[in-house]
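Accompanying notes for the structure given below.
For clarity, chains are labelled A, B, C and D in written order, and residue numbers in each chain start from 1.
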């Protein structure tokens, strides 16, 4: 009798698990947010011949809060729009705000476009913009601090006035932040949780499948600007890059972003796929530990000369990211074209090092100076695939001129602690979004003494130049001053700019006319993509 | 001869059993030739380790994997050593049955005792469970088991040694086999149970006229149950004959030694120990312990010589 | 009298396992001197070269010989695996024998401790250790050993409990041996066989968990090679240059196979149940 | 029996408490201060510069500077009341996310577990019955090979072959229900089967050596009949104990499988919450996995007790 009970129990649980799993495919569990289940939608799309794009990317979509997930809602889904937009060279152009001017150093007046509606039909007016900005500032106070905005007032039906605590010449640039996407009050329910993000963008939010981390948006028929050419966009999260490459190759998704560099060539050779590679505004760069042997400018410049950026770009990144001479990608308006940076010249590097006493006296193949051999660690992290391989390449190049390097790859959070603890770290190789805010001086501020003191480098002259540039209200003059600062920073070589951060898109043959926008932090699709 | 043929249940011709172990091969049974007649009760007597159980298991093809059996054995004219396991299995339980040795470990600890007896019935006679249960209960009553019918639902760990032994006896004979192998029925039982088991076995066997191959080292069991007795030493038959001849007037020195070692005969033990089966002495295997051993015994290995009226002995000097 | 000699076939696994182990030991000892290429030398002109005579296992994304890296990688992996095995074996057996032999409340507490370690996902433990102490071989050893001792403890406890019931243990106690002597002279010899089996069979999984750790981004330091790391490094090249992760994977599989088969062969050899019942009376 | 289960549940609660304490303090040891990690996961990309001001604001907003014991105390009180707190990256109560993602892990886990058992136990029995013959050695070598391949590597190979080349199965995710569960399930199964085969084999060998099996053969039962009638109940206990351990591994260990196949289960959630130092979410995941582990162990004990008549026959009534 006992034996029957056991086998019965086993069989029962098996049947149960099979039925549980089979009924799970005809509709995922009811999420509070999803309006229609995803599978029914794709059938509808095919019936009416609607054009749909499925894109797979690396980054997890954790929630649909338009402020903390501004990058997703504004750049990727185009559900929300900003007051100030940018053109392909990141110059500021009117967005929801038709024009803006500053009456005096601390007050700015923005005129709001008229006749624009939110997705829920309510009109976009000064009142709505004020509510949206205040809401964003409350959720993420650091946005306010950065642009030192004091208050936002609706001084007319379609006009708002922004007061700043200190003069901020580039306030409009600071309003071009994905987290400041203008949303309607109906986005949030009574106790502040996001129900459905309601913006003014070309696409309307449709569903977010929490379990699968999949987001879908549909065309906003009443969009005030030019209507997009496709009806539906589905964003699917696939963390592993090799699996992402396979998802586009198997035809499951139409576009895949950030596939492994080594697979780009293999995918491009396939006739139904096309790989396009672009430089984003992000940059691979390392900063020196000025408290160690890198306090001397010659030594820093020597390291810059000893790194062959062309090889790194071609061999390590497989061309997905061109060599960088300065902090800004050449297609950005205020990047300084005259900087030629440090061309690969190992002999000059050795010369510079010899000038300050570093040479190989004991013949062990490693440079040394008064008894100490030239060796340091490069710290980096692995969540950006290119970094560890780039660190290894730099290690190899530096060992050729007699510098001993150890590469330490660790969890990205551990790097700060490692820098405090260890005294052998020389370079912290990382990436940064130079175009987080489309201002010519915002990214350069990160090299001001306030931020670099922690690793022993402070340069008052640079600080003055930065302050002057930030206070300059005239855009052209400000660009000129920014270019000078860029040249100065490159010459100081406290930071070593290696390559621009490349992004690769893998398209199916039926998708054409993709226009890359340098402002995209991860990726961005233009609304007039062709799908046949 | 033909009439002889039907009465002869088993005819075993030069049966040999080898065990393959890491070192070399061990011969546990050497040149065993014997016939067992219908309704006869034959007893295999010998010290532990002389290969009597191995012979029993070999006969019923129950030896472990690494054993190898040579020679011939005929059951009712059918050659069994070479027979395929499938065909021989049809005989098991119905015609040929076993009462195994270790009472404790031969019962499945997770199955009720009644069911373990019933199992054999249901396997062969295919009657419905009600009839089977009745048959089993009546058999258990005949074996004078206490707390009937409750005991049938008990598990083996809830029974005493004697009771478990009787369950095994029940399981053995429930299908009325023609040939029953009884392996050490009284081993490990206390004195009281031993007599009870012997009398029960005696009564059952007489009622059923089954022929029995009894394997034991216990003289009383042999005396009360057996018609003929075979004495084994170090894997060989040393003497066999009718019970009175062998047990009262043994001829072979080893049999005499055994008789003398009994408590009622003064407890004179035979010196030395029976040789382990991988160090068999040359010549007569008993000669190192035999008081009358001569040079010839140490050299030549004696054959079984016939002494008339069915008595045989394996010794040069024990003719008369 | 035909009888089959004790057949090698019966313990084929021990032979195959032994043969593979010999090859591995050979590679461990003579490998570095044999392979001509430096496992760390980067040379982009030789990038992604398919296996050929000069580079038996081909080259990886940075032009380094995969064969050289596998040989050095095998060394580091074996070092890690052996040390982790020893540490977890010692901890596990002590805890197991203690809780098995003493029993009662000690056993209860130790069992609960084991359940806590078993229930605690080892990914967090690995991250915490590697995070605080930083990467590097020493810390990976600690991270792995802290989780693996439970297998030994459970096995040692069960075996000790089983042995405690055996008669010869009661006899030993009756003879007045001290507790400690009993454990040393009777319990340990009894379970050595099973421990050896478990030890040999855990080498493979330890190397593999190195691969999983580096897959999750918590692995050993670059660039000095370790088998798990090599498998993970080849992951991106699976289609265009599969050989980069294929050969480290094969060598890991072979090593695991060698140790496991050797372990299974030992298991048959030591296992009391399988010992042929030479003679029963 | 009831007292027995009571004792087990009590010890399980103790273990869960210790596990949650351990999780909390181990998480504090992991690298990077919480504010920095939180910001990198929400507003900034990994690597972007985060000024000290931002850190202070985040610390003050999520009041991270409270002493550890206070944080743990608060979490503990909430947990007892059933509110596991909210996850700061997903902006949702932890309980909702667990309810959403647990079914997927359970479906995949149970399917892989039972199919794995359905294959491993018969194979184990076969290797024991045909000991040292070709079949036994082939299965054992095969199972060792299967266990010596890292999970993610096997996953990638399977995807490349079945999804990309043959296009039979989807690459990842969960959109085609039954079809998309095949590859993750096979990968998980291959991970757990070798151990189960080996345990079943040694248990069956152990049982085949018993005297009651010999007696069953003497009763005329074939080997498989004997195994069915007497073998099953005696060989199951060690198999069930090992199976419960494997169940634990499947629940806790599928982080890799879920990452490769984008299976929306707890493993994925666990990994993300570790990386983002989202302590509330992490506590929720760890407790769920620990609970799963302990439940499978308790089930194993109950099943084993049910199989062994000694437990409910009161240790035997002598005549």
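Just so it is clear, contacts are C-beta pairs under 8 Å (C-beta built on N, C-alpha and C of every residue); 3 or more make two chains touch, one makes a residue touch a chain.
Keep in mind the model is a prediction, meaning the values are calculated, not measured.
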| item | value |
| --- | --- |
| Chains linked by the largest number of contacting C-beta pairs | A-D |
| Most central chain, Cα average position | D |
| Between chain B and chain D, centroid-to-centroid distance (C-alpha), Å | 54 |
| Geometric centre distance via CA averages, chain D-chain C, whole Å | 21 |
| Chain centre separation in whole Å, for chain B relative to chain A (CA means) | 88 |
| Sequence positions of chain C contacting 2 or more other chains | 127, 131, 235, 238-239 |
| Residues of chain D touching at least two other chains | 30-32, 152, 156, 160, 233, 259, 307 |
| Residue list for chain A, restricted to those that touch at least two other chains | 2, 242, 383, 410-411, 413-414 |
| Residue ranges of chain D in contact with chain B within the complex | 131, 210-212, 214-222, 225, 229-230, 233-234, 307-310, 313, 316-319 |
| Residues of chain D defined as touching chain A within the complex | 30-33, 36-37, 39-49, 51, 53-54, 57-58, 61, 89-92, 97, 100-101, 103-104, 106-107, 110-111, 114, 117-118, 152, 156, 159-160, 163-164, 167, 170-178, 181, 232-233, 236, 259-262, 264, 272, 275, 277, 303, 306-307 |
| Interface residues, chain D side, partner chain C - complex | 11, 14-16, 18-19, 22-23, 26-27, 29-32, 132, 137, 140-141, 144-145, 147-153, 156-157, 160, 198, 202, 205-206, 209, 245, 248, 252, 255-256, 259, 270-271, 274, 282, 285-286, 289-290, 293-294, 297 |
| Interface residues, chain C side, partner chain A - complex | 40-42, 44, 47-48, 61-62, 127, 130-131, 134-135, 217-218, 221-223, 235-241 |
| Contact set on chain A toward chain D in their complex | 2-3, 5-6, 10, 13-14, 17-18, 20-22, 24-26, 28-29, 31, 38-39, 60, 62-63, 65, 68-71, 140-142, 145, 179, 193-194, 210-214, 236-240, 242-243, 246-247, 249-252, 282, 381, 383-384, 410-417, 430-433, 436, 446, 450-451, 521-522 |
